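Each of the next two complexes has chain A plus one other chain: chain B in the first, chain C in the second.
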Partner chain A sequence: MKKSWKIIVQLLLVTSLLMASCGKKQSTEDPNKSKKGEEKQKILDASGTIELPYPLCVKKDGKTVGGTLNIAEPSSTPFEGIFNSFLQETTTDQDLCQPMWGVFMKSGPNNEIVDGGYCNVKFDKDAKTATYELNKKLTWSDGVPVTSDDLIFVYNCIANKDYTGVRYDSDYQNVVGIEEYHDGKANTISGLKKIDDKTLQVTFKEFYPGILWGAGLTYNVEPEHYLKDVPLKDMESSDKVRLKPLSCGPFVVSNIVPGESVEYVPNPHWFGEKPKLDKIVYKRANPDIIVEALKSGEFDVVDGLPADHYNEYKDLSNITLLSNVERTVDYIGFKLGKWDTKTGQVVMDPNMKMSDVKLREAIAYAANTKEVSTQFYNGLRIPANTLLDPGHSTFWDAKQEGYKYNPEKAKKILDEAGYVDKDGDGMREDPKGNKLKINFLARTGGDIAEPLAQFYIQCWRGVGLDVGLQNGRLIESNAFYDMIEADDPGIDIFMAGWGMGSNPDPSGLYGRKAQFNFERYASEANDKYLKAIASEDAFGKDGIDNDYLVKAYKDWQANMVKDVPAFPTDYRLHVTGINNRVNYWDLNTVSDWGWEKVGLLLDTPEKAK
Partner chain B sequence: MSKNEVNVQTGNSKVNVKIVTSEDEKALKALSEVPSFHEVLKKEFKVDKLATVCLIILIIIFAAVMIGSFILNQDEVMKISLRNKFKPPSKEFILGTDIGGRSIIGQLLIGGRNSILIGFAVTILTTIIGTIVGLIVGYYGGKVDNIIMRICDFITVLPTTLLIITFVVVIPNYNMGHFIFIMTIFYWVGMTRLVRSKALSESRRDYVNASKVMGTNDFKIMFNGILPNISSIIICDLILSFAGNIGIETGLTFLGFGLPPSTPSLGTLVGYARTPGAMSDKLWLWLPASLFILVMMLCINYVGQAVKRASDAKQRLG
Partner chain C sequence: MWKTVLRRVLLMIPQLFILSIIVFALGQAMPGDPFTGLITPQTKPEAIEALREKAGLNNPIPVQYKDWMVRILRDGNFGQSYTYKMPVSTLVGNRVANTLWLSLLTVILIYLIAIPLGINAGRYQDSAFDKGVVIYNFISYAIPSFILGLIFLLVFGYKLHWFPTGGSVDLGFKKGTFDYAMNKLYHMILPAITGAVLGTTGTIQYLRNEVIDAKTQDYVKTARSKGVPTDKVYSHHIFRNSFLPIAAFLGFTITGLLSGSVFIETIFSYPGMGELFISSINSRDYAVMNTLVLLYGFLTLLGSLLSDIIMTIVDPRIRIE
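Right after this comes the complex of A and B.
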């Protein structure tokens, strides 16, 4: 998915904060209660709830025995293995780094940055600054203390002209002096002020709400003293990044088999409590064999169990399941225009097949998303109502009606808008009487992909719209995004998905100047609502004015439902399976969970009966 | 021979000769007559009971698949109904359903027909092309032989499967016709080589030389003289490659490079075995198609073997 960077970038930030955070408030402390499905947990929101099939947290008392924790990394291809926060580009690498990153920054209920990690950040809206405050005792695994120079090093690398990664974006460019440094006009970034060895102040050009979610902030440090001799160009391939990374978290890498497995041992210079485990082993596992491996106890933890195999693992006796809502939205989008490379913005074309909002509404009403969620995904997906994910529960509008399956209404809308069958072939023509042949672009992915695409087509044909798969088949994922991004003239409808970052601001996905606005949708109302979300008005007296921001998000969601440039199909549930011998695991956003607290209660893993 | 005898005997008695010749001629004719390929084949099947049974099974399978798929409506079979997902065999669905709630039996019949039609078409086309080119090359020899056989060599060294996959990916809207076309392009070479080698040795025979001396048209010699003499080999190769060609389509679809996903195929059905759990828990998904392929291949092979033996006097059983 080389072209879908925005997601991954955003996912990167997400994971680090997500893993770094787990809430005690909602956790079921009693191990008996946390058994499968006995107690349903709810994500609370100002206006509505989603019921989770499994608890968010498992915590068991008892003496831990040390030992090795085996974690599966579900991936069908070897991982890249870049152990560096600003160079790595895949979520798999991101996952693999968790034990050495630990809880560098902690996140609050809305995924914003709060105090409590190894590094706290203080925000000052009037001075337009953010100040990192590193833990005084934070030390690298070779004994050298972590200093603010390590933070500056990250900024310097990202702003370096040799940097080819994706982090140097508009959020980083918002740091004062970073562009001068990038262009070689300055030797240092003037917006970075080293107050002392453990404190760093960053000054921004504009101070917008996203900064509280980490826009333009680094969510991890890298060891300057260890990496400064390696030219940035060679850093990605150097052994210091690939095989022997330093760590300032509870665990440090002891052995790496490239592409296959990573071994961690406790970090001797770690300042916090002593880790309960002797070793953590991450092993890449093909999603197809994961269930068998869970049964035999080969893996203690599988984060992100595949939904299609749900029936095979839901009743295993040796594992406990945890669940949470993922920050993803699967949607079906309509091509409404083109991307103008010269001006770098979206240009709507009123003559596209999908330009009629009535037609879009009818298509949205005709898609039976509920049946897909419940029947295809065994209830591990939730029918979606808005284009914002419920992972950001405060801003997600649970009361929004969205487009519930209603084929009669779809037919009525089409009849009223003049889409009727004039030549008697059973398929509707457009109001001018021309044949309406709609192309649907869908991508490959698992056994479900093909019947899923066929099912939606069937839904639409059911209301008399002549929809067919573009090219008569599914498109491989990379080619799929290439086609969408290049505004392939054949595309009318497409089915895709976004992983949202910790910052819920949707302007990067639906803004006028966002290249990832695949629908090529822009309207004045949309500009207005997006501006409200990113506006300084969102700051109240102390920190964020929640009421204002919630309203801004809800307005935007309502507008997206009204204009339907895309309609959401489902939200995903994240299911994690842990062996019964693991004493503590937590999927909450706000939590005291940390890698050093995970322990094993038995020497050998439990096997399925 | 008979003429000589008659001549010798004319001196003794004319009456006698008449009787002897008419009786002898019959007996002698029967003795010296070469039985037709058709008759040998009949004999061979009579002796080889297994081949006979296989032939009957094969006819039944073909008839069932052709009639079945004619009755069924492909759109109806491929209609997705989520509520019937992974239904085990029952009265409603004789062989159960797949992930999209589509009946397996319907897919099996239509998929079987597609596979058989593709295999059949490819075999016939490659045989026609191969025979014509092979005959020309074998008959003329020399430069013609050299040039065309080098082209054949070139096609042989190409990674055929990979090229077919690329072709399938590049063509935007491919169907059965495209599939047959691309396979034919690559698979005519084998038949050409076989026919060429036989035609080469045949064209040095006396009867060909005699024909040439008599000024017969080259093509007449090729198709009326040489072709009937090597036809038995062509026929048995045709049957065996038929089995192979069905296999290629099924294999490519199994890998995901065959017919479009909305077209039922045996390969797709066998591919369901890769779904975790299906191997042990959902036998109905992949077992019928696998058995179908196994039985069909075995039958074609046994029949093919019988035909092969019939074409070679040394191997004959009957």
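Right after this comes the complex of A and C.
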């Protein structure tokens, strides 16, 4: 008797362990209830101004002590470490180069190039030129002055047939004489004219607004005297680019452990104000342990704290949190046609499942994007209203209504358009009476991906639309893009996102001839509005006619809301954690912040209590 | 015996050849390619197409395979890594050094911990010590490596500040100096301890079982009756016989030194081979991926050969014809 009891108890224990592991995960905390009452996440409708949860800038007075600033570079893999502006390809490498690039060209409120950096640019629309004006005192870290030859060097490398990077695009091809140089028919680029050692004039074939954002211009300069003897195809693996790059900014690289860490010291030939720091050290850190490192004071700056660990770092006592809107738009798109490789443009198909604009409107109204931002991302996302990101603050139309969550309106639209449930199964049929089954394509990625996709599906099923995941599951990222680009016939709706560059011109994503126009949407109205954005009328007497462009972007955004080939779901918030001993950090696009102005108020970083 | 060894070595060549075809075909079958990840709204599709063309990705698959094989056999050139923009041999070379040292330290620690524990657990069977060892064994087997790694990192790295929390070496040390080696060792200790605590399971288990079996054997009775001290019976006679199953795996252990553990390397931000392998698959870095699979295939075959050779050395009863 005793023996069999023992076995039964052991079996019970084992099976209860199994059952526990099979159960659905419960959410442990309601993200809206936080311990500090005033710190509650404010999710405002994006059709007002966006109220950021944390300030954009921290500036403290006090005597600085020199010392080393420790910055975390969140990355789960070792970084590539290419310290060259035209050869590097990852955002990590871009981050790592910031102390040595400084503010080579200054940005305006919409990320256009303005005066005030180490290099000014003068634009002349009628002559179709842009003229670089380098600061007279700008010098490389080995003492050699920065000259126009260094700028010409960048163009020569990008246009060289041995160039291994991705930057030689139609914007660069717009420079007069560059294609001849690329094809080997000329020894120099005829459109580049050296006026003097500090001035370079570039002539373009056509002058369009994108040029004021840097299309066809170099964002940075590279040392010609240092790199000219390195063959271009070997340059990216050369020590001069990987281990000992030169710098004309406030700091210069002093030490690198490849893939792991980078050390900067003040540039002895820097022309500006003397940096307040003795050293800057970037160290790569696994995103999962970054919060712990921040607590222990191992890092002074973490630029880009992960949203899913928000509850762990939002109450830390030793850091200040800063936030800003990112230049990203997450969206849900509809497949409306195909890409014609022969003619190089999209071809719409009026017979596709999603071709009815009323159906698309209903789907947009039924998506509860507000709850997604609050529940899934701890409030670090903002429900979006247009397909332009708020990072381009003047052009983004804050007052556009967009598709605010309204399931009753969605149902009404569907009823009026003829999508009613005829066979009583709870799901609507299409106006012709055929069963309507809608495929939703979504990517894997992190814990949130599956619940998020299911949430949207629930929203749509809630208004009577039979939506399901295509192939019954999430798709891996690479496979996802393969399917989208190939216009897989099963796709009806898909969920994706774009990170915008500095140039907000949307024709690369939504134009008739854009290969990245994944919705395959085109219309005459859209053509008209995109043309207006890129037209010469965007230029006023000196520089950009802001009023014209604001209206042009507003019209385009409104048309996209009307035709709804895609609707935006949310904008992302960028959160940075700064240790209390750092005296100055600024996330504004337009600011006077510079690496030389950052200082430390204490010898050792503050630790969390 | 050497005839057999030579035959095995020669057999490796067709085996590796078939492996190369399989891995190449599987790599091509995966969706995406090295350039899929480079797309931004500003990228012009023609630029990506040009890069694809230059990398030879538009050639028919047999042609790509032939080019790849010819380059390896003729030039010893394993290609260029698309993600890291450097020759694969340099990249793998750097990582192999890191992983080799870490694995070596881990294996040394494993044997240091497991051998005394296993033998004494078997010797003092059913004592409190033995029960403790068995429980430790089961727990260390059950704990996932990333959990233990995170716990160690939190306690010894962040809370106690006894060990560095990431990387393989600090800035400012010159390669080749004693200080550099010491600093590297310092960074390796925590990941090695994590790996060692988790890796002792098999060794302890086998040793303990073998010792328990050996205790009843005739030769032990003979040794005792001859008057050999108990300690010497264990450390000399029983140990040698119990070590057989471990020796069987020794070949694989040696070649396994180069494979590395993805979890441990990721948690401790330690740049090693395991991490390289996984990230090359994720980023479709074909050159690195294919080279690594070939390398591991070769190491596995070599490992089994080494195991067989070691067995003949350790156990005179086993002979290869």
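Here is the rule we use: the second predicted complex is superposed on the first by the 560 of 609 C-alpha atoms of A that agree within 3 Å, B and C clash if a C-alpha of one lies under 4 Å from a C-alpha of the other, contacts with A are read in each partner's own complex, and residues count from 1 in each chain.
Here is the rule we go by: a residue touches a chain if its C-beta (ideal position, glycine included) is under 8 Å from a C-beta of that chain, and two chains touch if they have at least 3 such contacts.
Computed from a predicted structure; not experimentally measured.
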item: When chain B and chain C are modelled together on chain A, clash or fit; value: fit
item: Chain B versus chain C as contact partner of A:309, first or second or both or neither; value: first
item: Partner chain(s) touched by A:281 [first = chain B, second = chain C, both, neither]; value: second
item: Partner chain in contact with A:466 - chain B first, chain C second, else both or neither; value: neither
item: Partner chain in contact with A:293 - chain B first, chain C second, else both or neither; value: second
item: Which of chain B and chain C A:592 touches, first, second, both or neither; value: neither
item: Partner chain in contact with A:133 - chain B first, chain C second, else both or neither; value: neither
item: Partner touching more residues of chain A, whether chain B or chain C; value: C
item: Partner chain in contact with A:458 - chain B first, chain C second, else both or neither; value: first
item: Distance in angstrom between the closest Cα atoms of chain C and chain B, superposition on A; value: 8
item: Intersection of chain A interface sets (partners chain B, chain C); value: 288-289, 292
item: Residues on chain B engaged by chain A in the complex (per definition of touch); value: 78-80, 82-83, 85, 98-100, 102, 172-174, 256, 260-262, 272, 274-277
item: Contacting residues of chain A [partner chain B, same complex]; value: 288-289, 291-292, 309, 311-312, 371-372, 375-376, 444, 447-448, 450-451, 454-455, 458, 469, 471-474
item: Parts of chain C lying in touch with chain A, wherever the complex brings them together; value: 30-32, 36, 38-48, 50-51, 83-87, 90, 94, 150, 153-154, 158-159, 161, 165-172, 266-267, 269, 271, 275, 279, 284
item: In the complex with chain C, residue positions of chain A that touch it; value: 76-78, 80, 82, 87, 89, 164, 166-170, 236-237, 255-261, 263, 281, 283-286, 288-289, 292-293, 295-296, 298, 476-479, 481-482, 498-501, 503, 508-509, 515-516
